[in-house]
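Chain IDs A, B and C follow the sequence of writing; residue 1 opens each chain.
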């Protein structure tokens, strides 16, 4: 009885994730290997056992790397991957640049103020992503609030074109993902014992030296976790480039969306997803190792 | 960490929060704009809120969204709590590494991938797309967030409380229900709230897995946003922000009381 | 020669009575965690109504031993018997023993009363009886007016009492206590020690307690088992452990001791002559089993060393040296004396008078001496 209950506790979520998380990836991979004609709507069921196993083997022989060859040949896709990678990396760096001082300032804030600040960082995270990105459209538009403000100040004499450029994407990513960067860094800095820094200063470190050799080093796990939490989803981001980036900027998440919803080419969309996943395997494994380490440390 | 709160520290905190909140504040202000031109202030008005309640499409979408969010958050909380218990309490079982991977990966997985893969699954098994497919999809990714929240509470849970209960004659399952669950319950509740808002907010996964008659509020907002910024959308967003903020603040206050009590009992 | 090592409860010594049956018996119990052996082929008998202490440094296996008795761990090999019946496979909630946890493990979401009633409700005791028992328990631990409070509203000492009340509410025949006083400050700990002893006597319980505090073990226990690396080194009454340690480890672990190394020269009847490693000639009486030429250690407690300004008249075991350190503790003074042979000897002297003419001080030349029966000869 006890053993059965114990097994069910594991088995129920395990099976759920196998069916709704892992299995779909296998299907994506399978469809990425088929000819458009086979999988285009109206589609053929992938696992139609009524046709018998022979039919499945027949289908296996029809599998093709054609979609992947197509992706590699068409510079549009290569460029989309490369530009996503560039944008995600740069945006991650920018988020770190804004997020670290914020987290550092929060960790050094008076004890009583910290829970409030923490709450203020978490709150936007609970607010719809879509709404927060949408809010920027009104600000960044040529006739938007930012340009009105700058014109009124006399800093510029004609509106800046920010919306529908890469700059807008960077602003959008930094803005949307900032809490993901701040929270793990703050968690690391907050538990840092300040007497370590006093010890470093006492041993002859300069203030900057103490920051670099003690604070920054000890915050490193948080920085790594934060960067991964920003970089991985940013790489496949769709909403931000779609709403803020305009038609000219290429990002792979948007390409996938277009292939799927506009071109209705499912096999190519599946191939795009497979390749994206392949690019992200290393950072995802890094992220999981960091999580597992943090969990072990907590236990 | 502590030490002197330097002016640089204060400046970075102020700048950071200004950056985080200014856009939302502006959006809320302009939802009360009389003028249809969203960037020109035409005086205070609540007329766009009135318009909202006459927009049947929007109300239908909101209703679908709330039903999906309630159902998916509840199931995700059950599954996520089980997953958290498995992760923390069972150090060895077949395929544990795979299981851990499947719990953590959805946290960072780009939504387009999750959405597309779930859609292809539903198509492969010939499952009609609509309310149920969106709900299933939302359960799947939000259960992982619940698992992480509950897990972190379980890690700091003092196992000797359970041992004490068993020592006093309480069988294992009852011990879980009478001791473990009541103590970790605040984490379970915040897990539920997280799952609920994640479902409420999701656009990408819902777009992939939804079907006719199951348009969610974010999908509706998105289709209108693509046409440009309108004061009605500002008003919808303001209502959503207000609801979520109230919920989160209430939860935080409740949680704060508990944390204060617990830290008092630990010292 | 009829010398007593001192037994406080003279009449209570079931371990010396071959007719009495052990209440709990660990029979060749081994517990391994992976490659680590926490408890190593250990056999131990505890008798009914005994106050038994497991004493050892952290990591010596004492807590593992208790957890096996309570049922949270299963032995890798061997068996644990309670009143002659094996506990193998019996889950914790079916064992008639109760445990008091080091962390107290009070349920934070329940009041003091609910905590104490928890085990009784599990038993299916009637409501009225539960209330009566809870009230009795609260009175017993002097917490009458705190029943409605939550654990976080209590002080450390009060929590300790609640944990105790909860553990004895079911009237278990055996109470296991894991470092029960570890979280209390020194003064409270000393008070509580006596309360625990009174309680145990009053309720006629068997106590099995784990501690790393040798003073605590000495004060409270009928018998002590000194553990190291998963084995029991010695079992005995506090006086036996202190005055007749069986090995250098036990002598050193319990109390303070001088350990003089040497080789046996001659053994004649009761008297053994030893030449110390640093040239000191020592004559001791008492059994040791050592023969001529054997390497031995003489363990001698600081309070059994005499200190004098002049050479003692009849002292065979005497040596001259210089006072190296003086530690004034109030009730006694500790001296570290550096002998001319180079060895350091610790001596403690009771300050039985308020004022002393010409007290011995730092760098004074003095003599240390001890009687032939003051120490114990150890061969391991």
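By definition in this document, a residue touches a chain if its C-beta (ideal position, glycine included) is under 8 Å from a C-beta of that chain, and two chains touch if they have at least 3 such contacts.
Chain-to-protein mapping (UniProt): A = ABC transporter permease subunit; B = ABC transporter permease; C = Spermidine/putrescine import ATP-binding protein PotA.
Only a predicted model underlies this, so the values are computations on that prediction, with no experimental measurement involved.
Student: Would you indicate which pair of chains has the most C-beta pairs in contact?
Tutor: Counting C-beta pairs in contact per chain pair, the top pair is A-B.
Student: Quick check for you: compute each chain's CA centroid and the global CA centroid, then name the chain with the smallest gap between them.
Tutor: That would be B.
Student: From the centre of chain B (ABC transporter permease), which other chain's Cα mean sits the farthest off?
Tutor: Greatest centre separation from chain B (ABC transporter permease) goes to chain C.
Student: Distance-wise, how many Å sit between the C-alpha centres of chain B (ABC transporter permease) and chain C, to the nearest whole number?
Tutor: 55
Student: Distance from the CA centroid of chain A to that of chain C, rounded to the nearest Å?
Tutor: 59
Student: Quick one: chain A and chain B (ABC transporter permease), Cα centre-to-centre, how many Å?
Tutor: About 17 Å, centre to centre.
Student: Which residues does chain C have that touch at least 2 chains other than itself?
Tutor: Within chain C, no residue contacts more than one other chain.
Student: When you check chain B (ABC transporter permease) against every other chain, which residues touch at least two of them?
Tutor: In chain B (ABC transporter permease), 172 touch at least two other chains.
Student: Which positions in chain A are in touch with at least two other chains?
Tutor: Residue numbers touching two or more other chains: none in chain A.
Student: Along chain B (ABC transporter permease), where are the residues that touch chain C in the complex?
Tutor: Residue positions touching the partner: 158, 160-161, 163-172, 175, 179, 182-183, 261-262, 264-265.
Student: For the complex, give me every residue of chain C touching chain B (ABC transporter permease).
Tutor: Those in contact with chain B (ABC transporter permease) are residues 70-72, 91-95, 97-99, 101-103, 105, 107-109, 118-119, 122-123, 150-152, 166-167, 170.
Student: State the interface residues of chain B (ABC transporter permease) toward chain A in the complex, per the touch definition above.
Tutor: Residues of chain B (ABC transporter permease) touching chain A: 1-6, 8-13, 15-17, 19-21, 23-24, 26-27, 30, 38-39, 79-80, 82-83, 85-88, 90, 93, 95, 98-113, 116-118, 120-121, 123-126, 136-137, 139-140, 143, 147, 151-152, 155-156, 172-173, 194, 197, 200-201, 203-204, 207-208, 218, 221-222, 225-226, 229, 233, 237, 240-241, 244-245, 247-249, 252, 256.
Student: Of all residues in chain A, which touch chain B (ABC transporter permease) in the complex?
Tutor: 2, 5-6, 9-10, 12-14, 16-25, 27-28, 31, 43, 45-47, 98-99, 101-102, 104-111, 115, 117, 119-124, 126-132, 134-139, 141, 143-145, 148, 175, 178-179, 182, 189-194, 197-198, 228-229, 232-233, 235-239, 243, 253, 256-257, 260-261, 266, 269-270, 273, 276-277, 280, 283-284, 287-288, 291-292, 295, 298-299
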